[in-house]
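Starting off with a structure, shown below.
All chains are identified by letter, namely A, B, C and D, in their written order; residue positions are counted from 1 within each chain.
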């Protein structure tokens, strides 16, 4: 979305169709060029990408305009993988199942699930990104990270007791958030966003009232910091969660259709897990 | 919403229902186990998968219950990558842009785009899978692949002139379909579904009326055959397209919000591509 | 949708806009004409309708192209009113509440609720209309109503034990269905559809296995018969339920946002009604 | 989905959660009471309302908890009727048509259309209501209506040049808004909201820069003022537009399915109206 209009390309017929020379209604897209028998994502023929890029790398290319380095590709893969599914507990999953069970299509079930991503569910990534942006500006303006963190907590914890990016209904230590921050560090891709977020976490949990009940960093917060350091803008933040979770919604919708009677009452507290017991990845995968 | 709780009413059975004395409401899910500080997808802790699996491999694991082999992982990656985006031409993309441009959320824009996946758009994968299943049954019952193909074409081309899985509004040779079939062959993962589909293609295009205008295999058809051979059932077929395309819908919704005025008329024929000119993958990626 | 193109109107500029005389892309709509400072629904300026028609009459006009007679307006009002809300029991309502409670917009909550109208929920009206059409054809072909009813039950009860339009999860006698059929009769607007439906109901419940547990006519069945006699086609059948129920979905989404904590578990069996106790309409309303 | 229930896992707490010993999960709803063979909206059996209330009156009852007076019923009917349809020009209508044309269900088409109601489309009613609330507080605090209007315009026109509730893409005088304000006046139901809105309109258009291009009150603004005076809260404001327009979305989705080829390009500028020419209501309706 930040590429110069490639004038020669355009002159040579890159234009999708061109029929009305005097028309002022033209508009530009820099994502994908379509012509007969040609599909080029950000300049790369999609059939040349197939078999060569991972899906996450291709998503990164589509969203950002350039191929990721191998390290960035690996980290972005972990970002998408982190939120792939969260069992039958989230509202979005219950909604997708309820719609699937009423006899609607998979498209309807997934779409309804996506609509449950609201400000309380998957909607924190943009908020954390904007909050961290603000803190980084404070830091660039001369404040220490710790001062910036304190100011952020004052500003963003007045309305809501919990700052965006912290706390979870179920987890006291979100295993996905910890792993994602660690990976960013190992891959040397953590920058100002990650650093500031860690300071915010420390300052927040050094407050006396948190001594008994520390507020853990959650996966929304970790994605926001990691993707902020990767250069993603806040306006796409919540979208990363949507991409990540759609296969989860779909899997639940299909399981509901295949294994449950229609129109049933779906009580998440009555669910039990009957899949395989905990297992380890084979050595070859490590 | 401002009424006193009518106590007598409540006592007299105002409660809508309460009838689970024996509580037989338990239900099973085999996808993901959630406990405090634990998220296990099909038995694997998600934080152990992060950094070790590609996203496509994790999606495969979630949908199928087992890790894919490296070859299957590679092929399934290509399946998801093949339909990642198709520029501004599909109805779903126009819908996602129109909704994004009216000031609705990214969730709303993506959900509306997904709703445009109907029987004429992204809805052929299931149909092709069922059609090929039928043909494979015929083959197992003693027919040659060619006889099975002829029978399928008779049965499924009477209502619609184009059999599911063939033809495209824009392409006369769908580059994605060709590449996906080739990859399945190279990876030795093509089986009865792919074989039958190739025979159907040959029989279809040997019909005299196709001599001038051959009907090419499209990407829906190729995904159906490849995923049929991978063991996916038809009930999840259209879902694979949903997963694949959601990042495309999102990228267009974001581009619309960032670069276009709200509430504009979106004429796909006025769009031109101003991204990078055609380019090749670096050698290191091949 | 069945009006002749009004040629003089068209010549006089009824066309919404006209810029490309040689263009073959023109397409027609007969619903509403828009011009600067003019909004005409089926030829009637909407500002002249305001204060003069009821909303149901205007909906009827929009859908059918002509004003309803007073009796038809009254019956169609009852059709829309019959399914206005059904408390917190239907899947669509639970979905709308769950989405509202996740912090999404009212639009998202209502849309998600509408997506839960599937083949098992609000999706029977079209099916009943097509079934009754078939039976009326049989009758016109010489069968008695009773013979037609028996044939329909044979044909449509093989796959599903319950024919469309009969049975309800909660009601053994659906008070809305009974009232709607009675109103159609009082207003002398019941015709072949209603007559056949009553015969189907009688034949169905005279089967020995129904002696203990009769299957009552439900509101979907009654709407289908009444609207069939009003001349509505089956392709709009399920749409009548959508129109009718949207205010119900909205009311629940708003109540959820105003009175409940976000992200709560929504258990319909835990709900109790705390509104006003049963009351009668004032005499002036009868 | 084909795994044996892992019994030890289950015994060891595979159940996701089960923790309601004291069961404090009860929650209240005051909208509709459901019991076997009973459906009571705000205390009134729905079958007693059928044939006696208009649909708008029943919607008002559901949303507000009490029957409207005849005058309020008439005004609220006009509110719902005012936005019933606006031809093929709005984004929501184009979206509903595009989705209907891709072979998706009516539910999907209507839901997608509703999702296009965003901050730029149908999303102004809540904003105007809050703005007028603010002005009325200023008035109660001692300011004249004119001073309050000036302050509102200063506060709410800095970010956007157009204050919410004014201006329209097509109309220079919105006939629906004018008629609704007039009806409220005739029925003596206009109060502080309507009075303040009229003052805002006068102040706004007496600005020198508006001399040539006055900004007309639009229908969102009029609905906001009229419904504010009827006692509706801002949180339901945008919902009134959703209710009003759903039949319009549906009518377009059905017309698209019945009269157009699937997957067509939908260019609103190519549409022409071929319904009946302008006509007057019969005398009996006035």
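The rule we apply is simple: a contact is a pair of C-beta atoms (placed from the backbone, for glycine too) under 8 Å apart; a residue touches a chain by one contact, two chains touch by 3 or more.
Keep in mind that this is a model prediction, so the values were computed, not measured.
Copies chain A and chain B of the same chain sequence form an interface built mainly from equivalent positions, shared numbers / all numbers used being over half. Should one ask which of B-C and C-D has more C-beta pairs in contact, the pair is C-D. Chain C has its Cα centroid 32 Å from the Cα centroid of chain B.
A separation of 20 Å divides the Cα centre of chain C from that of chain D. Those residues of chain A in touch with two or more other chains are numbered 87-89, 104-105, 107-108, 111-112, 115, 117-118, 255, 258-259, 265, 267-269, 271-277. Across the interface of their complex, chain B is touched by residues 1-3, 5, 9, 13-14, 16, 28, 30, 33-35, 65, 91-92, 94-95, 98-99, 101-105, 108-109, 111-112, 115-121, 123, 169, 262-263, 265, 267-269 of chain D. Across the complex, chain B meets chain C through its residues 1, 3-6, 8-10, 14-20, 104-105, 107-108, 111, 115.
Contacts from chain A toward chain D in the complex involve residues 87-89, 104-105, 107-108, 111, 115, 255, 258-259, 268-269, 271-277. The touching residues of chain D, counted against chain C in their complex, run 23, 25-34, 36-56, 58-59, 62-63, 65, 67, 74, 77-78, 80-82, 84-89, 105-108, 110-112, 114-115, 117-118, 170-176, 178-180, 183, 235-236, 238-239, 242-243, 246-248, 250-255, 257-260, 264-282, 285-286.
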